[in-house]
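There's a structure below that I have some questions on.
For clarity, chains are labelled A, B, C, D, E, F, G and H in written order, and residue numbers in each chain start from 1.
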Amino acid sequence: MAAVGVILGSDSDLSKVKECFEILEYCNVSFEIIISSAHRTPEQTRQWAASAADRGIKVIIAVAGGAAHLPGVVAAHTTLPVIGVPVETSIAGGLDSILSIIQMPAGIPVAAMAAGKAGGANAALFAVSILSLGDKSCAERLAQYRKEMAEKISGRNEALNKMGYRDYIKRDRG
Amino acid sequence: MAAVGVILGSDSDLSKVKECFEILEYCNVSFEIIISSAHRTPEQTRQWAASAADRGIKVIIAVAGGAAHLPGVVAAHTTLPVIGVPVETSIAGGLDSILSIIQMPAGIPVAAMAAGKAGGANAALFAVSILSLGDKSCAERLAQYRKEMAEKISGRNEALNKMGYRDYIKRDRG
Amino acid sequence: MAAVGVILGSDSDLSKVKECFEILEYCNVSFEIIISSAHRTPEQTRQWAASAADRGIKVIIAVAGGAAHLPGVVAAHTTLPVIGVPVETSIAGGLDSILSIIQMPAGIPVAAMAAGKAGGANAALFAVSILSLGDKSCAERLAQYRKEMAEKISGRNEALNKMGYRDYIKRDRG
Amino acid sequence: MAAVGVILGSDSDLSKVKECFEILEYCNVSFEIIISSAHRTPEQTRQWAASAADRGIKVIIAVAGGAAHLPGVVAAHTTLPVIGVPVETSIAGGLDSILSIIQMPAGIPVAAMAAGKAGGANAALFAVSILSLGDKSCAERLAQYRKEMAEKISGRNEALNKMGYRDYIKRDRG
Amino acid sequence: MAAVGVILGSDSDLSKVKECFEILEYCNVSFEIIISSAHRTPEQTRQWAASAADRGIKVIIAVAGGAAHLPGVVAAHTTLPVIGVPVETSIAGGLDSILSIIQMPAGIPVAAMAAGKAGGANAALFAVSILSLGDKSCAERLAQYRKEMAEKISGRNEALNKMGYRDYIKRDRG
Amino acid sequence: MAAVGVILGSDSDLSKVKECFEILEYCNVSFEIIISSAHRTPEQTRQWAASAADRGIKVIIAVAGGAAHLPGVVAAHTTLPVIGVPVETSIAGGLDSILSIIQMPAGIPVAAMAAGKAGGANAALFAVSILSLGDKSCAERLAQYRKEMAEKISGRNEALNKMGYRDYIKRDRG
Amino acid sequence: MAAVGVILGSDSDLSKVKECFEILEYCNVSFEIIISSAHRTPEQTRQWAASAADRGIKVIIAVAGGAAHLPGVVAAHTTLPVIGVPVETSIAGGLDSILSIIQMPAGIPVAAMAAGKAGGANAALFAVSILSLGDKSCAERLAQYRKEMAEKISGRNEALNKMGYRDYIKRDRG
Amino acid sequence: MAAVGVILGSDSDLSKVKECFEILEYCNVSFEIIISSAHRTPEQTRQWAASAADRGIKVIIAVAGGAAHLPGVVAAHTTLPVIGVPVETSIAGGLDSILSIIQMPAGIPVAAMAAGKAGGANAALFAVSILSLGDKSCAERLAQYRKEMAEKISGRNEALNKMGYRDYIKRDRG
């Protein structure tokens, strides 16, 4: 039984939110993945969303680009928390997807994340922060994740101080 | 039996596309109106769209603001031509609605019109241009509409020539 | 003990998210409100965010306009789920606030809602959807809210069918 | 005698809407193609548009980038349904073309599609949905197209379930 | 015989470019005005543009909002210099008109001015700067216009110095 | 002898940056004001900027809307720190002014502030933060300003806690 | 003695407007080129602009990217017609340059062209259209240019008709 | 003891503002560099900012992309002048970062620079212009920098005049 359901409008979005899956795994959160379009497979999308709670899903992550109706359509068929991840497009780098996901009308919320890679990672982390309210081991993994992030930055500052900016930049590119 | 089905995401959109209804009436095109949200009443929207062809509907006009998923969601449930009308919003005057309607993914088209009043009028005229392909009396009303538009502009030029721009502007404001 | 903490960057934002408070009350969710700026009172903001979990807060709603750093700054000091509500501004109707809230870097998520009134309402509903995972009575109120929304639309369609669009629009304006 | 007329502002747009031609062929819809600019060859454009109905054309598809006046100019010279396809440009990925095509004034509608490849495909599908109103075999091909789209997604889900996301992404890139 | 031809897409634009006419009069430049739409009266627009040079017109000013194809369509039918004035719209304050006028394809130039009142005034001044190349009295009026502009600013600085900013602002509003 | 020079492109901008003058006065910083346009009075602008350092000016604040070239033109004629304040316009609420001020080429910096009222206030505060580096009494006033800002927010929280959000909003509007 | 003066903010812009020079040469219009920045070499820019009319220059073309103040600054120092060419930048493909050039305040006009290559070509053609008012041989070259443009399109249509779209696209890429 | 403190939200920003460091070195200004995120290491950021003045820092440069809260967060913890450098992102080339840095609320100013390379260089030059108010040798280096910039342009004009535009462009690319 999966705690998080991830739905993607296209299989080409899978690689764009790879960090999402990796972070869920890091936090030991079970998840299921489905490719289903709001427009091309509306019935599949509706049934998947409407039955998610009964399957034990607690949080849904919906990934879509362009008109990006998927997160809103999913949210219309469930009262579970739905997190929307816009995919970068050619219109101003994803402004179309961002606005389509964030501008949901009063009544049916979607939690919008950043466009692209950061959005995929943060969707997972936000799902984990919700699950952490009722799951201590989940909360510990999340705390651990933050700690490691901070430690990485410490390590970078040490290297930068030792090497100076010139060598650091060179190494970065080497 | 109505030839055109008009679906609006909110009853507050009715007054914004009044010209749509008036032009359909001018062209003697029968139509039905329903208020139904893609998100707040997804089942009603789905059933209305999926059964439209069987009810004799030939063209659908879908009006929505903000995330404006309605035209796309309707198009997912029918192969009838769907015309989308964005409603002006506070985000750059409706840029969110425009992009959400126009940026449909390959496979499920929506015909996007201008935001606001012009879009409502043009949705009706575009529906009429489709119906005109199979209905001569409809085509005659459309031709008549264009002729009257051109005549109104002739009348304005005559008035402008007679009065000069100063008096014309004053009259316009009076 | 409050379940939801609402933090606003300015007291002038209170009236803009009134629906947020009303929906939380409708769902019998206890909440606390604080006015605190990310920039003008950074210490108060930090302490409020860092101690929120210990006070029993489960979900945070952060409301801000312009540069709108508040939701991100709050999220930096807690692992609780943080929902961000952009306030409409003069820059393209709030595009600055929207982008500043949604474009959080990988690692520290904020759940971005729509700009303005819809965002305030949806922040409350999204918080309730999270609380519903662990609180049955909360979930029932949320289901009830959705049901009432759909019923209101039914009522509007009945009125529209009875009156016709012309009288409905007039009544709407009367 | 062609049922659909496709007009492109530049021969460099041909490859950008290749899917348009392929879908028309898939649906057994005859079409003619002309390269003609609204600005560089205005007379040719006008005559082509004004005579389209007499040549038996039922639907027009006009493709243009930048200022993208072509669909509007064509629509001014015919009452046939005109579908406009914006071409991606460097200004925010085609925002200039999108706005120029969608923001037609009341009276002369153009049906705007998405920018780029998706727009080309959808223009063809939208034209087919119009022709389907009076042509049963056309309607059958359209239904078949949708069915195949859905089946492709089913196949992808099966592969994804079998392989897991890691291998699926690798294969995708391999 | 008029030296400047002003064409407006709608009579509602007349008052928006009043300064255009006033400056032409100030510089003793004769002009004609016509209301003609690129889309609603394409034949009238074409004939007016194509015959402008023969009527003695030297510079054309074309005013339009929304899709704003008028300046480009006029430029397609003449080699006279065409100045385009975008009218402020609800889309980001006229961004649609601006982009549609400025983004002309290589081969057919239009000289784009600012949106709104400033654009109307500057279209006249730019036309006068062109006419000044071959007309000394015209050049003198233009030089005089610039001198008076600078003198007005001097007067304001004197008043500001005398009154202080507080009283100056009050007076400004009184 | 003034420490800060404020230059405005138009006298209509005076009221828009009133807070700028009030904060300079609060901090006991002497200032001079001039109305001078980059385009309409280029010589005056150039001489004012080029001679500012010799007059004892230490920081320049330049206020302008639309194309907003003034801050950049001033910066070209002095090595003093130049702060630019965009004025809100109809293009997306001042996006044109913001981009024109912030996008200075490498070599000649301008410090861009927010559009409108906040920008006027912050230009003064930023000027004061620069002067504070060499002037202790100036630094004390700046510290005092920040303290009072924080105290105002404390007062608001007390009132909010006493009254509840409903009465607070009512009072706010009363 | 040159008839057209071309000023560029940076030598890296030279290759971006190569078509500008080629078209001027095609039309036998003499021109001079200078690299001069509004901000880095303000004195050189001012003197070049202020003395242009005396050197016999009739039309000025100013090319600039980013804040793109150059055309406006040049126009402030001359009453000759000034044509502005925005250079494509990373901000939405040149939106910053476009707005900075087009949004000139009332009083000092600049004729804005499209961003990038098309803008360079059109600046030359617009300059030629101005010069054509007083120079018959210039007008003949402009008419010839338009004729050749149209002929090229005819040739492309012939090839397309002969080859079909599939082979035409292949050849295009081959 | 460093006079300028540079804080970057990510080590990947180091190479993007290399010019910043090089110009500070050219002007003999001592500086320290730290990598610290507003969100991932909020405590480190706060302490670094709050203690900067005591460490002798006079001006702070903060570099960040995406939501780009770093400059504002730093400014909240110090009264030193804070210069913000947006990093280019995929959203319209950095519009998100630009707006998030420039739209600071009244009370806590940040001096926003251009996005990307130019912004890094100008942040250094602006810091130097502040330090120059109290440090003559610093002022001399700044004056020298400007002089060399102008001389480089002179050299380019000489080359251009000698070679002609064709060869100059070729050399540029060679």
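Operating definition for what follows: a residue touches a chain if its C-beta (ideal position, glycine included) is under 8 Å from a C-beta of that chain, and two chains touch if they have at least 3 such contacts.
Predicted model only: the values in this text are computed from it and were never measured.
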Partner chains shared by subunit B and subunit C (touch criterion as defined above): A
Comparison of E-F and A-C (more C-beta pairs in contact): A-C
Listed chain pair D-E, B-E or A-C that repeats interface B-C [over half of contact pairs the same by residue number]: B-E
Type of subunit A:subunit D copy interface by residue overlap (half), same or different: different
Cα superposition of subunit D on its sequence copy subunit G - rotation in ° rounded to nearest 5: 90
Intercentroid distance (Cα basis), subunit H paired with subunit B, Å: 50
Separation of mean Cα positions, subunit G and subunit F [Å, integer]: 36
For subunit B paired with subunit G, centre-to-centre distance based on mean C-alpha positions, whole Å: 40
Where subunit A touches two or more other chains, by residue: 37, 40, 66-67, 89, 91-93, 95, 98-99, 102-105, 107-108, 114-115, 118, 146, 149
Contacting chain pairs - touch in the sense defined above: A-B, A-C, A-D, A-H, B-C, B-D, B-E, C-F, C-H, D-E, D-G, E-F, E-G, F-G, F-H, G-H
Residue ranges of subunit E touching subunit D (in the complex, touch as defined): 9-10, 37-40, 42, 46, 65-69, 72-73, 75-77, 89, 91, 95-96, 99-105, 107-108
Complex interface listing, subunit F residues touching subunit E: 11-12, 14-15, 18, 21, 33-37, 40-41, 44, 66-67, 89-93, 95
Residues on subunit E engaged by subunit F in the complex (per definition of touch): 88, 92-95, 98, 114-116, 118, 146, 149-150, 153, 156-157, 160, 165, 168-169, 172-173
Interface residues, subunit B side, partner subunit D - complex: 19, 58, 79-81, 83, 98-99, 102-115, 117-118, 121-123, 125-126, 129-130, 132-134, 139, 142-143, 145-146, 149
